[in-house]
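Note that chain A is present in both complexes that follow, paired respectively with chain B and with chain C.
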Partner chain A sequence: MTLTATRSSRGRAAHAAPPARWRGRKVQGWLYAAPTAVIVGVLFVAPLVLVVWMSLNRWPLLGQATFNAPANYLKITGNPLFVDAVLFTLKYTAITTVLLSGVALGLALLVQERRPGIAFFRTAFFLPGAVGFAAAGLLFYGMLNNDFGPIDPMLQALGITSEPVKWIGTPNMALFSTITLVLWRFAGFNMLILLTGLQAIPTEVYEAARSDGAGRWQIFTKITLPLLRPTLALMLILSVTGSLLAFDQFFVFTNGGPDNSTVSMVMVVYRDAFFRFDLGGAAALSVVLLVALVGLNSLMMRRLR
Partner chain B sequence: MRRRLAGISLFGVLALTAAACGNGGGGGGGTPSSDAPVTITMWTRAATQAQSERLVKAYNSTHKNQVKLTVIPTDNYQPRIAAAAGARQLPDVFAADVIFVPNYTSQGLFLDITDKIAALPYKDKLAPSHMKLGTLEGRQYTLPHTLDLSVWFWNKDLYEKAGLDPEQGPKSLKEFAQHATTIQDKLGEDGKVHGTFFGGNCGGCYVFTFWPSVWAAGGQVMNPEGTTSLNDQPAMTEVFKIWRELYEKKATGPTAKEEQGPTWTGFFPKGEIGVMPMPSTTLGLMPKDMKIGVTPIAGPDGGESTFVGGDSVGIAATTRNAEAAWEFLSWTVSDEAQVEVMARNKDVVARTDLAGNKYSSEDPRVVLINSLVAKGQTPFALRFGQTYNDPQGPWLRLAREAVFGDAAKVAQLNADVTKSLQQQ
Partner chain C sequence: MSRYLTLSALAVLFLFPLVWSGWASLEEPSNYLEMARFGEGLDTYATNSVLVSAMTVGGTLVVSALGGYGFARFDFPGKNLLFLATLAILMVPYATILIPLYVLLGYLGLQNSLVGLSLVFVMFQLPFALFMMRNAFEALPRELEEAALVDGCGTFRAFLRILLHAVRPALVTVGLFAFLASWNDFFAPLILLNDGASFTLPVAVVSMTQHTFGAIDYGMLQSGVMVMAIPCLILFIVLQRHYVRGFMSGALRG
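Let's turn to the complex of A and B:
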């Protein structure tokens, strides 16, 4: 009892009179954090609060908003595009994430060792990542266009196809073409992420494994993959989040077609806001999407930790 | 160290305060005096860029006030207007596709200019379809800016090569189909020339080019209130059927099904298409040496009509330069602007009393187009854009099923179109 009392009084004394130098450092710390806090507050927290508030109101383009909660949330399931868009986005996310992970990992393994000329290949693989995504969508639209694109004549000249391929003319081809675009645009970037993870694995571990008689496959599955797990987790989270928020590629390249077969969830939000002028409804959809994303990412981080 | 930090903090607070004062107090000081020249901002969509640019150029060269024009890609125009309105950042003046105007006026985006229009000496001569769509509950909000009518263009050289009479365009949709098929059969072997073309993945293209055939046959596509779709009625399905046959016969060019809209008018000027529906505004942009015939869009068995499209222009409700904006707007419908700028460049004039002017009489095709203004229609619907123009809207699905897919689904899809039109 006496001991506890003594400890408490010591603690109080320590808190009651912190040295002036500490107080100064505390203020200094706050000041260092202030610019970031302001940026986060203005560019993230404030818009987030506004979007949540919009989702609880009927929000006209001009004029006063009127509180109508929870009407904007209740009508989401009645949106004719919503269910199909959710299913399509999930399908797209699954396919893209698997393919992107595979291709990026393959590229990273190809260029991980320092050899003459390897910098050229690393740069070449990464370069598409420097192209803006909307510009990349437009580029593919032009390249694969049946009227003026160069790909069709090239394939026909080589005897691979006999007539123009409907690159975005059928739902499956539109999805295939879009995924090709995404792989081209993002594989190099993801390769770079994985490369940093690969290079962080100590060479001694590989050497020890080899001296123990481990083969290439065993080294890959028992050493590379387990040690790459944190980097893979980061890449997966980026890929899943990016795919669930897919917009540019479909908006620019397929325009949601053909026959609404490539409408992503963010396209539905965009349509509600800017074609139907239903800003409250679009905000409600955004909030639902945000909650789903936060939930999914928490789950993934827990599983991949 | 602490003193320095305190100094930095104080400077920061002062800077923020000064900035805040600057913003808050700037409103009054920014209002121009009545004599000072004013520069107003204007937005227009790319589809009617040429006309807007000519008008602005002529105005700026003769007036103290100036107009700064921004051209926005047609596909992005509606979202840009919506985003700007939401952010209270609309320009002083903006043109809009006339069919979107009812929605914009119902959203309160335009300033009420009823009294100003009433003071115009030619107020009753302004293009009636545009004025009708710019009126809401008896109040007027817009003036006609450009008129863009859908007509059939035919390539006289290709007609001659295919053994058709180059001076005789089609008089019915069935005859149109015969001509297109003949050209495809006779000249289409190398895959470069096609009988006809249309925007098969573009909702706005369908309404602009197919609906006049319905009107020419005496049918309607919606009720007058724009709340019920009649696109499952025989007048429409008969038109779909003829176009479907053209596609199945491969007379439409292989990419018509995928054409999303931006390039649908680009093939005719290249001399690749025999006969097709085109916007009248493109007549002045055709190659000079190209022999083009123009004829009204007809129904399956005859008649004639057109979709009176184009843009209306209004003053944004958020403007601070209403007087200067009106000075520009009223000038655009004056005799000077309509004759010396619009008619001179083969554009349709926005006033019925100026239809016969010194420039239009030089080209019988322009006289024909001007005469169609009274025969054509501009459909009214508050939810037009989201129903018919939006790529994810229900109309495009219906039209594509009717022309390329399962035509039996049209009745069911028509119910979706009506539902969209009635959305609150």
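Let's turn to the complex of A and C:
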């Protein structure tokens, strides 16, 4: 969905006219592609078919599966945890996407021009992205702990707060803290995406605008933003998809709490499968998520590009 | 100058958590010793993680190099269909096929297996890797291969002896992405592994917060964070150019 070929012109030319001596080597071609075909067939196409079949069955974690369609789908709306999770995940996605785009765009504009030392800052902003998400969640879990972490003493020393903050103790604070974690972990990654877009804008365009007397703000709104649109679209799609599928951050950092207030949709799938041992129900939720996300992605791609 | 002040303040914000975590883990050196004895032992989890990463990187490189060469240089029936099916992996949210993969690996006798987990990682890496490798092989001049063929090499020997060397930068990029993904992933091993002795580092260290009775040892937890993060930080800094190259070629996992 997010592939754009840099060497497409060359690549396509090579596809269009293979010299005669390169043709007719079907068997060899198949042999080279066979490992890919096996992996894609067994580990991607087969599970896609299986998830649909599982969703049509009563499929306990252990024991025999029995056909019961469409019971797994009918009970979705009666699953209060899932209905709440849908609303919570949508709220989380909206806030995260807006903040993440803003922070990433700000960072990208700051490090856009090559200046002395700028490479250091780019690396510094990206570095959290190299840390695994689970590790990042545990890092914040310790850093925001009231007894162990450094944040509470620092805020109190600065006179900003007078008592320990319940970082993950209330629903709103848990959401706020998780979003901070996500911004820290992903802002640099999204900055890098935007940088590739910014660097594709020819400098002549800026020079022309400047010689026409355009101010900085005008250049930003009239030139940078419109020309950045495809890159922004890509970033939005990645951010929306990633947020709708949020799991690690909530599982590791808030564990869905307090009072199931930060349970995401994928967390419900996980709990249905491995705590309620209802793989059929989890499969039905997966199918619904899959269809919704594929639909949303194609809609966004059509509207934004 | 004010730009540099802003940049420096932001850099402090971004680097502070990493520096703090390193410092907190070292505050008491016993943190690492306790971490080493936790659960099945750090050596077990680290070995599992290294094995999974090695199998994922190796598997991804072999499958995508062979496939990339096949797609770049040969015509065969079903070629476009297979390429589209591989790219479709990007369209399907990863979390939604892990439940059927869990069942499927059970049928194959690969449930709770590091090999099974690695194969799943190879599959998730394949769209990016195959795309990168196909482009790299397509960019090579055909003369390079033809010279070898005239010398009497078969295509496979030409591939092994000459072409693989020529696409080394792409192999490094693909390998780096495969390593970071498999070393760091949490959700797939959480679902596909169910026995403590086969856990990888992320699942094992997270379990410290969820299954300890009594107080959580936060210092030990940060030493776990460091054990997971340091290899990635070093690799990223050393191979940064390759990472950005992979990015620039526009191939991003969705």
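Annotations
As a working rule, the second predicted complex is superposed on the first by the 268 of 305 C-alpha atoms of A that agree within 3 Å, B and C clash if a C-alpha of one lies under 4 Å from a C-alpha of the other, contacts with A are read in each partner's own complex, and residues count from 1 in each chain.
Note that in this section a residue touches a chain if its C-beta (ideal position, glycine included) is under 8 Å from a C-beta of that chain, and two chains touch if they have at least 3 such contacts.
Since the model is a prediction, treat every value here as computed from it, not as a measurement.
Once the two complexes are overlaid on the shared chain, A:63 sits against chain B while remaining clear of chain C. Shared-chain residue A:173: touches no atom of chain B or chain C. One of chain B and chain C touches more residues of chain A, and that partner is C. Contacts of A:287 after superposition: chain C is touched, whereas chain B is not reached. When both complexes are overlaid on chain A, the residue A:81 reaches chain B alone and has no touch with chain C. In the superposition on chain A, A:260 makes contact with chain B only, while chain C stays out of contact range.
Once the two complexes are overlaid on the shared chain, A:125 sits against chain C while remaining clear of chain B. In the superposition on chain A, contact of A:95 is made with neither chain B nor chain C.
Of the two partner chains placed by the overlay, neither chain B nor chain C lies in contact with A:109. Once chain A of one complex is fitted onto chain A of the other, the partner contacts of A:277 are limited to chain B, with no touch recorded for chain C. Comparing the two interfaces of chain A, the one with chain B and the one with chain C have residues 27-28, 31, 147, 255, 270, 273-274, 279 in common. For chain A in complex with chain B, the residues that touch the partner chain are 24, 27-28, 31, 60-63, 80-81, 146-147, 163-164, 166, 168-169, 255-260, 263, 267-268, 270-271, 273-277, 279. On the side of chain B, the complex with chain A involves touching residues 1-2, 5, 8-9, 78-79, 82-83, 85-86, 88, 103, 107-109, 201, 254-255, 257-258, 260, 263, 267, 317-318, 385-386, 390-394, 397, 400, 405, 416, 423. Listing the residues of chain C that touch chain A in their complex gives 3-4, 6-7, 10-11, 14-15, 17-18, 20-21, 24, 62-64, 66-67, 69-77, 79, 82, 85-97, 99-104, 108, 119-120, 122-123, 126-127, 130-131, 134-135, 138-139, 142, 155, 180, 183-187, 190-191, 202-203, 205-206, 209-210, 218-219, 221-222, 224-225, 228-229, 232-233, 235-237, 240, 244, 247-254. Residues 1-7, 10-11, 14, 18-19, 22-23, 25-33, 35-37, 39-40, 42-48, 50-51, 54, 59, 107, 110-111, 117, 120-121, 123-128, 130-135, 137-143, 145, 147-150, 184, 187-188, 192-193, 196, 234, 237-238, 241, 244-245, 247-248, 251-252, 255, 266, 269-270, 273-274, 279, 282-283, 286-287, 289-290, 293-294, 297 of chain A are the ones touching chain C in the complex.
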